[in-house]
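Letters A, B, C and D mark the chains in the order given here, with residues in each chain numbered from 1 onward.
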């Protein structure tokens, strides 16, 4: 499980470019920062009000006035800045975030995203996810391919929608899938995983990329 | 210049049952923890709470939810306090989920005298239900209306006796917008200084918005 | 002329209450601060981004980073604060300014205000006047009663309107006039001025206040 | 972290004839005076200027007006530079007057991804011409649309090499909103420091918005 998450995080890190402003969602997406390629310097935004997030503090050295959107204590790097929520979502909604990495309950063929509730069961609320999914320039979903064996990549969402047609890339422990106007395109499979295994774990139709590749699971 | 410092009991005595209260903070960070405790101690009930989240179990706003003194919350996230979801599904607590950026803009609109804002966030989702939409240059927007409250309670790092307040690090969050959108604004802070001690450049909540200041005796 | 302005400013100062947040327009309105009654402490906002304006600096002691909306160097008192234009007009439009004192080219019987242009002749632009006239809780006009002998208080505006039906009180060197739902009510005349003189200098209909008073011109 | 400091000639070389430029400042206070001079020296023309005012005769934006390199201005006030009104009446300069608070909100809308805001300011006046109105709770509002520009030029007190900027006193004015609403943002400052030297709490323009930083050599 943790291995799978790190595989996903490492692959997503390759999608980020030097100088990017990036918002990393809570949980798996946060791991992406650990795998940035050499020479790629990004500015991490956290929507509770900070640019320049720089990982966790040493135990006992936490600043009580400094957390990320997951409620975890953080440190900041030199050149960081703090701001209020209205400013923070101006940054997000205004298209000033180059990429956001978000988790998902479901994604569908049209790039629709469901991430904020399972009616009658799990209601967490959208937090900043609706704004991030609407405003960031590139929306990357980092998620396990299935949930207890059930596909999360569907023809059509079954859960309440969080944002319409916004997802650009889906990265799981099995595959890298791009959302195109024609539908979902399988771009890469994980080393040791077959296309058939990916298809079996995916409800949505998958088009094959002409230059289908593999990605590392080390 | 008016000195607005009062004790915390006097402050919560002004809050009646049934009041709507904006509570600043983000998962307890920048939250007025002592005022929340004083509201609980006094037994004020039937509250409508407007806040980013409903706290983390055992911390901040979650105490009000656990005590069942809240009838409605307008908030962006309840995942860190499962009790909110439980009461919602049991039908004893009304929960209106508002996207975080939209919540900030709606509160800002009320404070800034705007009739509302057009946002692309929430188009095509449940959030759009019952809301007017406008299409401008081929893009669809929701018309989001102002949110006001009877009270706003804020958690500042430093405040002067007139109410000018500074919020360190990520404790700013909803504090500035909420200060503008409530009839009565109460600031809680561990550090009270005289007017003139706070650099006018770092004032994030302006004294003219603040009605009362109370001293906190702990970090909550 | 300057005497007239000071008479007006002194009378307007009596309309302000302890604790009020007040925005004083450029020119005559600025003089109001010089005549505040004993015990009346107000917070002066200037829309370029300051609360707590405190008069002019000594010559040679000007802070180049500190001006008012008229472009004049100012000082601030203890407990002041600075902010950007969006915040400033949030304060104004949001009803957080208790009173504003503005100049006028014309005012009419319905409380309509014209202050920002004479087409083909004088175009200064509205600056912050439209927002102030729309957003402040009480709009007080401080103006000379006539312009080169021509009435400025009219039945109907002849100039482009700056804000609709917002004026609550008009103070001139001759009279204090309240805008009521029934029309303009003459509340006070200046010492040494007769009601007939005021009427002759006013195009609009003037109703007589049952408790018509006088105000000082000292 | 990218170092964005370049010299002022390189900076204005990026501005083509016909560009739209937001110029921060209020009657010259917080205005990037040296960039204005460099634009003039280079002879860039046919400009559209978006600014609070058109300067005071001989100072700031008024120099661009006097040199007749401006074809259009969107501004709230032209009274302190009579030349603007003269060119307007002669029909050689297009002037769109925008109430000051509305100008700030329209620029903020563009930067914050809003489709527009509803404001009561300007209802019933010339400002309302051609604009959609909405009535909410019996009150009429104008729908005011976003304003963007190709460039924004700002005048900061201190900037770090990444672009995080601080504005002292009343020099803030339009600087923060304009930083968010232009394709290319250039900050002029007399004091450049290393990242980390500016307290993150006092950053008023965030480095992510800034493309280039130039050093000013005078107060203009």
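As a convention for this text, contacts are C-beta pairs under 8 Å (C-beta built on N, C-alpha and C of every residue); 3 or more make two chains touch, one makes a residue touch a chain.
Predicted model only: the values in this text are computed from it and were never measured.
J.: Which other chains touch chain B while also touching chain D?
T.: Touching chain B as well as chain D, we find A, C.
J.: In terms of C-beta pairs in contact, which of A-D and C-D ranks higher?
T.: C-D
J.: Which chain has its C-alpha centre farthest away from the C-alpha centre of chain A?
T.: So the farthest one, by centre of C-alpha atoms, is C.
J.: Provide the C-alpha centroid distance between chain B and chain C, rounded to the nearest whole angstrom.
T.: About 35 Å separates the centre of chain B from that of chain C.
J.: Using Cα averages as centroids, what's the distance between chain A and chain B in whole Å?
T.: 29
J.: Any chance you could list the residues of chain C touching two or more other chains?
T.: 50, 82-83, 89, 92-93, 134-135
J.: Where in chain D do residues touch at least two different other chains?
T.: Residues 105, 108, 113-114, 119-120, 168-169, 200-201 of chain D touch two or more partner chains.
J.: Looking at which chains touch which, would you call it a line, ring, star, complete or other?
T.: Topology of the interface graph: other, matching no listed pattern.
J.: Chain pairs in touch?
T.: Every pair of chains in contact is listed here: A-B, A-D, B-C, B-D, C-D.
J.: So in the complex, the part of chain B that touches chain A is made up of which residues?
T.: 26-29, 52-53, 56, 75-80, 85, 88-89, 95, 97, 99-105, 108, 119-127, 157, 168-177, 204, 219
J.: If you look only at chain D, which of its residues touch chain A in the complex?
T.: Within the complex, chain D touches chain A at residues 1-2, 108, 110-114, 160, 162, 164, 180, 194-196, 200-201, 203, 206-209.
J.: Spell out the part of chain A that touches chain B in their complex, as residue ranges.
T.: Of all residues in chain A, those touching chain B are 46-50, 63-69, 71, 82-86, 88-89, 92-93, 116-117, 120, 122-131, 134-135, 160-164.
J.: In the complex formed with chain B, which residues of chain C make contact?
T.: 19, 21, 41, 43, 45, 50-52, 76-83, 89-96, 134-135
J.: Residues of chain D touching chain B in their complex?
T.: Result: residues 105, 109, 113-120, 134, 136, 139, 141, 143, 145, 166, 168-169, 200-202 of chain D touch chain B.
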